[in-house]
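Would you mind keeping the following structure in view while I ask a few things?
Here the chain labels run A, B, C and D in written order, and each chain numbers its own residues starting at 1.
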Amino acid sequence: MTVLERLALAAASTVLALCIGLVVVAAAGYDPVAFLANVFEGSFGDASATARTLKFTTVLVLTGVAVAIAFRAGVFNIGVQGQFVVGGFVTVVTILWLAPMLPASPAAGVVLMVLGTFAAVVAAGLYAALPGVLKAYAGANEIITTIMLNFVATGVVGYLVEGPFRGEGNRAPNTARLPEYVSLPRVVFENPDFSVVGFAVALLVVALVAVLMVRTTVGYDMVTSGYQQAAATYSGVDAKRTIVTTMTLSGMVAGVAGAVFAIMIQGYYSDPAGIGTYGFDAIAVSLLAANNPLGVVPASLLFGGLDSAGSYISINSDVPVQLIDGIVGLVVLFVAAPELFRMAARRTGLGGEER
Amino acid sequence: MTGTTQPPAVRMEGITKRFGDVVANDAVDFTLERGSVHALLGENGSGKTTLMSVLYGLYEKDDGDVFVDGERRAFDSPRDAMDAGIGMIHQHFQLVEPMTVLQNVILGHEPTDGGLVDESSARERVVDICRRYDFDVDRYLDTPVRDLDLGARQRVEIVKSLYRGADVLVFDEPTAVLTPQEVDRLVDVMNELTAAGRSLVFITHKLDEALAVADEVTVLRDGEVIGTVDAADTTEQQLARMMVGREVLTERRPRERDPGPPRLVAEGLHVDGDRSREQVTDVDLTVHEGEILGLAGVQGNGQTELVEAITGQRSVSAGRIRFDGEDITGTSRRRRIRAGIAYVPEDRQTEGLVQEYDLVRNALLGNQTVGQFVTRRFVDWPAVRDHAEAIVTEYDVQPPTPDARAGSLSGGNQQKFIVGREIEHDPDVMVAAHPTRGVDIGSIEFIHDRLVALRETGLAVLLVSSKLEEIRALSDRIAVMYEGEFIDVVDPDDVTDEDLGLLMAGRRLDAESRAGSETDAAEDEVES
Amino acid sequence: MSGATLETGERTRLLVGGVLVVVAIAVLSTTVFDLPVADILTVGFVERLLQAASPIALAAIGGLYAEKSGVFNIGLEGFMIFGAVTAASVTFLLGGEGPNQADLWVGILGATVVCTLFAFAFAVLLVRYQANQIVAGLAVWFVGLGFGPFLAVLLWGNRNSPGLTSMNDLTVPVLSELPVVGPLLFDTSPLVWLAALVAVAAWVVLFRTKYGYWIQAAGENPEALDTAGIDVARVRYAAVVFSGAMAGLGGAVLMAHAGSFTGTGDTMVNGRGWIAIVAYLFGNYNPIGAAAAALLFGGLDMLQIQFQTAGIELPNRLVNLFPYVAVVVVLTVWGSTRMPSAVGEHYESEE
Amino acid sequence: LGGDGDGNGTGDGNGSGGGGGETTGVAIVSSPAGFDDNAFNDLALEGLNTAAEEYDIEINQVEETEQAQYQSTQANLAQSGDYDLIVLVSYNHTEALTQNAADYSDQNWMLINDYVDEPNVAGYSWANHQMSYLAGVLGGTLTTEELSGGGGSTTPDDAQIGFVGGVDGSLINAFERAYVAGAEWVNSDVQVNVGYIGNYTDTSTAADIASSQYDDGADIVYHAAAAAGRGVFEAAQENDRLAIGVDADQSVTLSDFQDVIVGSAVKYINEGTREVAAAAAEGNFESVAGQNTLGLEDEAVDCVIGQAYEGQLPDVALQNLEDAKSGITNGDISVPCTASGCN
C-alpha cells in the first residue's frame, strides 16, 4: 500500500466513522452540526486544542512505535500498556528517590529526567523481556502472557501507589509530585501538560527506530524474522534471541512513552487503572501505519486529534463521552479494513488498482 | 480433429490466462484422451500449472473453452470440477496437517449418519480404494498427516482424488519430491489407474519419466504450445529441444584434479529429528577439498537432519563436526556462515528466500555479517543492490531486475537466485540440498556447471539430491543414507543405478544384489 | 479417538495441572492459615464457581470456533458488553422495571440475535474486506465500551440499568434434595446447564461432524478446504458469527445472573472477554477444555473470595492478580498451545 | 483569551443565559468513576441541581475518567471564564488542582473529599468513618436480633456480619475499620467477614463476595462499592439476608431492593454542593472556602433506616444508634480513621 493510499484510508475511515457517529448523534437528539464543529475545534481549533492533540500524539507515537517494532518482527506484544505503566511508575519513583541527592536546579532537573527515563527504559525493557523469554524458551504464547502482564502491571503499580509509594499526606493514591524543576520547558505552547520537547523526543525515537529497522542488521534480522522465521534461521538469526531482543526493544520504547507521560503530562504517578489505554490504542496506530515507524507519526496525529476532540466535547457539549469513545472505536474498525474502501473506490471508479 | 469414436476426456481450446501483464497461457489447445497419460512439459514458468488450474476451476480463464467428455463446461470452483470428475494432485499438497489421513481424504465429502460423520463407512470406502490400487494408505488412516513423509502424503492426495470419484487426474510435478523407488511405485499406480479407465495429466520436468509413462506429450514454452507428440515416436533429445530450443545432456563430470586434504569432517554424529527421534545415527563423513560428495537416499532417512546439523541449524546429540580441523560442533549457524559454509537449502520457499522481500533485501539474507555489505551493523544497501544485480544478471534470473518481489518469481528462478547468492558468498564449503529441484533443464545445466566449477576451484561440496542422474553426474563419491546411517560410500563409476537403488533401499551390495527386487524400505517411511 | 483433537496428552496435562494448582493452593493455604478446608470449599463456592464460569465458557467456545476457522476474534469482550446491554434493554422494554422470567429469557434470546447480527457485520469486515483481525477485534471492544453504555444512557438516562430481574434457579424436585450434588446440579441456574450443553454440543460439532472438519481445515489449510470444494469464506462467516453470538450470549448470561446492567467504568463485563480468550487457549482449542479452563478461572476467582471471607489477610489488589499470574506460570510450565496455522491469514480463492 | 473570570457576575455573552447577567455558571468534573455511579458523582450533581432550582444556575457536567487529563480539563474550564464555580469530584483532582488553584487564582473551586490550601478553594470532606461506624452499630445489633420483616432474615444465635468494599485502598479501608469498630462496640464477639471487589463496577463479583459471606454465616452485609454495590443487594435477595447501603438512602435510590436494605450509611454530599453553589450564586464564596469536614455534628452523615424497615426494627437498634451518635459527638466514642482515611 502506498503512502497516499494509507492517507486516503485514514481519511476515509475517519469520515465514515464520523458519519455514522453523526447519524447516532442526530438520532439521539443532539445537534450533529454543532458536534462536527466541536470535533474540529477540539482537535486543531486553536493553540490550546493543538497542544492537547500533540500531547496525546506524543504518547501515541511512542507507544505506537513500541508496538510497531514488535509486530514488524512478528512478535505480538499486546503488553505495551503494561510496559508503559511500569516505565512511567519507575520514572517517578527514580526521580523522587534521586532528587534529594542533587541541588534543586534546572540542570539537576535535566539530569533527573534523563536518569528517570533511563530507569524507565530499563524497567519496561525488562518487563517486556519477560514474556519474550517465556515465549522463546518455554513456548508460552506472547499474546496471552502480555495481556496477562498488563493486568499484573496495573494491579501491582496500583498497589504500590496506594500503599508503599503513596506521597506523604496524600489522600489520593498518588505518589508525591515531582519537584518543580523536573519538568519540560514550555515553548511555543503554553499548556501545562504539553511540551514541544516531549514531542521532539518522540520524533527522535521514531528516527532512531526507523534507522535501526532499515539500516542495521539488527533491524534486518528482526524484520526478516517477522516475515519468515525459517528464512531468518537459515540466514543465521537466532530465533529465540531475536524474540527476546524484539520484546526488549519494544518494551524500552514503551518505557520512554511511560517516562514522557509521567514527566510531561502528569508530574506524579497515580493508580494506573485510571490511566488512558495508550498501549491498546497504539495497536491501532501501528497497524494503520502498517507497522512502519515513520507512518506511526501521522497515524498518531489522527488518533491524538480524536482523543483531543473527545476531551473538548466532554467540556463543551452535552453529548455523552461514550459516544466519542464509540466513534473512535469505529475509526479503528474501519482502519482495520482498508479493503472496504478499496472495493468502494473501485466500484465508484475512483481508482484503487486490482491486486 | 480426433478420429476416436469416444469424445476425449478433456479438451481445452484456445485457453488464455493473464496475470496482470504476464500471459501465463496464450491460446493453448490441449486434449486428454480417455484412459491415457498425457505429459505436460515445459520450463519453469511456462504455464503448466496455470493451464491445469484453469481446468480445475481454481483460475478463471480469460478466454477459451473447456470440454469434458465432449460437453462444454465452465468451472467456477474446484467443487464444480470435482463434480465433473476432475481431480488434481497439487505441487504443494493440499492437506490439513493436524487432521488424520482419513479426515483429509474425506474432507468436503464426508458421509454422515444422523448428523455425525460416519467414519466407519468412509473408512471402508477408503480401504477399498487402497486395496484396488494397491496403496498402503490404509495402514495409516488415523495418523495425522503432519507425521507423514512426502511420498506418503502424495499417495494420500491421490486417494483423496479417487475417493472423490475423479475420472481425470492431474498430477503436478508428482515426482519432484519422490525417491526413485517411490517414482517406480507412482508409475505403477498410474498404470493401474489408466487400466481402470482413468485419464491422467502428468506434469514433470523429467523427460525420461514423461517418455516412460505418457502416451502423449505436450510441450509448453512461454505460455504457448510448442507441440504435442506421441511418446512412442519421440526421444528425450527431441523433447528437450522443444522445451529450450537446444540439446541438453546430463553427462558425467569427473574431476580434473585430485582432491586435497579433508575440509569438512563429521565423526560419530548423532542428530535428533523434530519429534526428538534420532534421525542420524553414528555418521562419519569427510568432504575433501576439490571434491563433490553426493548424498543419496530415500527422503526421510536423515539427510535433512544431517545437513541441518552440518550447517548449524540443528543441534547435535553426540559426535563432532570439524571444519579445517577446527571443532565447530557447538557453534552457531552464523559463525558457520562466516567460516565459509554456504548452504542451498532444501526448502527455497520458506528458508531460502523471504517471499515478501525484493531481491535486494534477499541478497542480504545470510550475508548479514559480510564486511562487504555491513560495517559495524550498518547495512550498505547500495552495495547489496549491486550484488543483487550481479546475481540476477549472472544467473539469468527472470525477471531481470533486483526490484522484483521474491514471491513473484517462478520456482526455478527463485532457485537460481539462491544458488547464485550462495555461490557468490565465496564459500569454502558448499552444502547444496536439491539444488535443481523444480528447475528447468537449461538452468539445471547452468547450476551443475557452477557446482563443478566450485569443485575445480578447490571447494568441498556436499550435494544432496533425490535425482540419481544428478548425483551420478556430479559426485566424486556417493554416500548412501539409510535409516540415519551411511549404508555405504561408493565410487559413481563402480555402481549402476540399480545398485544405488538397492543401497537406498537398505540392501548392502555384498548381499544378493538383484536390481528391481522388492524392497521393504517403503514400509518404514511412514514413521519418520 | 479423533486425531483432530490435537496433542491430547498435552492438553490433558495442562488442565490437570491447572486443577492441581488450584487444589494445591487451596489445601496449602488452608493448612498455612490453619483453616478447615470445609470452610473454603463449600457447596456455595462451587455453585458460584459454576455461575461465574458460564459466561466465560460461552464466550470462550465462541472465540474458539472463530479461531479454529482461522479468524482471531479478540473482540469477545466487546460482544459480551453488547450482549449484556441488549439483554438488559430487551428485558426492560418487555417488562419495564418489573420484568418476569419470560421477559428475561426473551432478553437473552434477543441479545444473542442482536450479537449475531453485529457479528455478521464484523465477519463481513474480517472475511470479505480482510480487516486486520487484531485491530478490528480491539475496535469492537472500543465500540462496545462506547456504544454499550451509550445505549444504556439513551434508554435509562444512566449507564446502569435499573434493577431488572435475575435468573431463577431451576429446581428439579427430589433430585435437588440430594446432598452436595443436589444443590449444585439440580437447584441451580438453568444458564449453567445451558453453558454445559453448549460446551458438549460444540465439542461434538467440532470433532464429530463435517462442519467441524471444515472449520478445522479452514483454520489450518484453507486452500485444502477450498480445493475440496468447500467455500472457505462461508465456513469462516459461520464460525465468526457463532463466536459473536456465543460471546453475546455469555454477556447476556452474565447480566441475567446479576439481574441488571452496569455500564460504568469497564462495564460489568470487566475483562471476562479477555479471560475467555485465555480460557480457550488454555483448553487448547477444545470446547470441553475451554469450559474446564473457564471453571478453572471461575474457581481461582471464587477461591480468592473464599479466602477473603475466611479472613485471610492478603493485599486484595495483589491477590486479585492471581489468575493472571497463574495463567503465565501454567503456560510457561506446562508448555505451549499451537495456534491453527492459518489464523490471521486472509484467504481468497481464485475466481 | 478573555477576562479570566473575575469573580461572579461577568458570566456574559455565552449563548443561552438570556435572563440578565445574573446567571451563575457552575461546572462539575467527575471522578475517574464517572457519573452514574449512584454515589458521590451523582450526589454531588444532585446538589447542584437542587441549587439550580433556587438560583439561576447553569450547570456544565464534564465527565473525564482519566486522571492525567484533570490538569488540562481544569485549566480549560478556568480559562474559559464561564464559570463562577468549578466542582471537582474526588481527591483524584487534588494534584492537578494544587497547580491550577494557584495559576487561576480568580477562579473558585470546590474539591470534594480533599483540600488544597488556597483561598479560592472550598474543600469538603464527609466523615465516612462516622457513618460507617453507625452502619457497624446497626449491623452489630441486628445480627443477634430476630428479624424477618421483609425479604431477608437473621440468625440471632450467632453474631456475624459482612463488608464488601470496592478497591482495597485507604479510602475504603476507613469504611471497613470504622464499620468493624461500630459492630464491636455493640457486641465484642461479633465476627466480620471482609471482601474487596477490586473495582467499583463489577456487580457479579460483588454479588459473589456477598454470597460467600452469607454462606459463611453473615446476616447483614454493608457495602462501600459504589455502582457495584448493587450486587450485594442481589445476593441478599438471593440468600434471604439483609444488607446496608451506602452514601445515599439506597432503599430509595434502588427501591427494588427495599426488602433487604435495613438501612443506609448516608452522607449528604448533595447538601455540600448545594451549599457551595448557593454561596457562589450569592457571591459569597468566601463563606465556604477553606477546609470543611462534615460529620455527625453537622448532620452531614447519618445511618438511616431502610424504607421497608421503618418502625420494624427492634428498639434496641434505634437506641444503640442514638447512643453511638451522641457518643461520637461528645467524644465518648473515638472512631478509628478519619474522613481522610486510615493510616
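Operating definition for what follows: contacts are C-beta pairs under 8 Å (C-beta built on N, C-alpha and C of every residue); 3 or more make two chains touch, one makes a residue touch a chain.
This one's a predicted model, so the numbers in the text were calculated from it and none came from an experiment.
Shared contact partners of chain C and chain D comprise A. More C-beta pairs touch across one of B-C and A-B than the other; that pair is B-C.
Averaged C-alpha coordinates put the centre of chain B at 46 Å from the centre of chain C.
Put simply, the C-alpha centre of chain A and that of chain B have 47 angstrom between them. For the pair chain B and chain D, the distance between mean C-alpha positions equals 76 Å. Once the centre of each chain is set as its mean CA position, chain A and chain C turn out to be 29 Å apart. Shared interface positions of chain C, defined as residues touching 2 or more other chains, are 153, 159, 315, 317, 320.
The set of chain A residues that touch two or more partner chains comprises 162-163, 320.
Residue numbers of chain D whose C-beta contacts span two or more other chains: 65, 167-169, 199.
Chain pairs that touch, as defined above: A-B, A-C, A-D, B-C, C-D. Those residues of chain B that touch chain C in the complex are listed here as 53, 56, 58-60, 76-80, 82-83, 88, 90, 94-100, 103-104, 107-110, 112, 115-117, 142-144, 164.
Every residue of chain D that touches chain C in the complex is listed here, in rising order: 33-38, 65, 162, 167-169, 193-196, 198-205, 207-209, 211-213, 215-216, 226-228, 230-231, 233-234, 238, 254, 256-257. Considering their complex, residues 2-4, 6, 204, 208-210, 213-214, 216-217, 220-221, 223-231, 341, 349-351 of chain C touch chain B.
Every residue of chain A that touches chain D in the complex is listed here, in rising order: 48, 52, 55, 162-163, 166, 170-174, 177, 191-193, 261, 265-268, 270-271, 273-276, 311-312, 314-315, 318, 320-321. Per the touch definition, chain C reaches chain A in the complex via residues 125-126, 128-136, 138-150, 153-154, 159, 271, 274, 277-278, 281, 315, 317-318, 320-321, 324-325, 327-328, 331-333, 335-337, 339.
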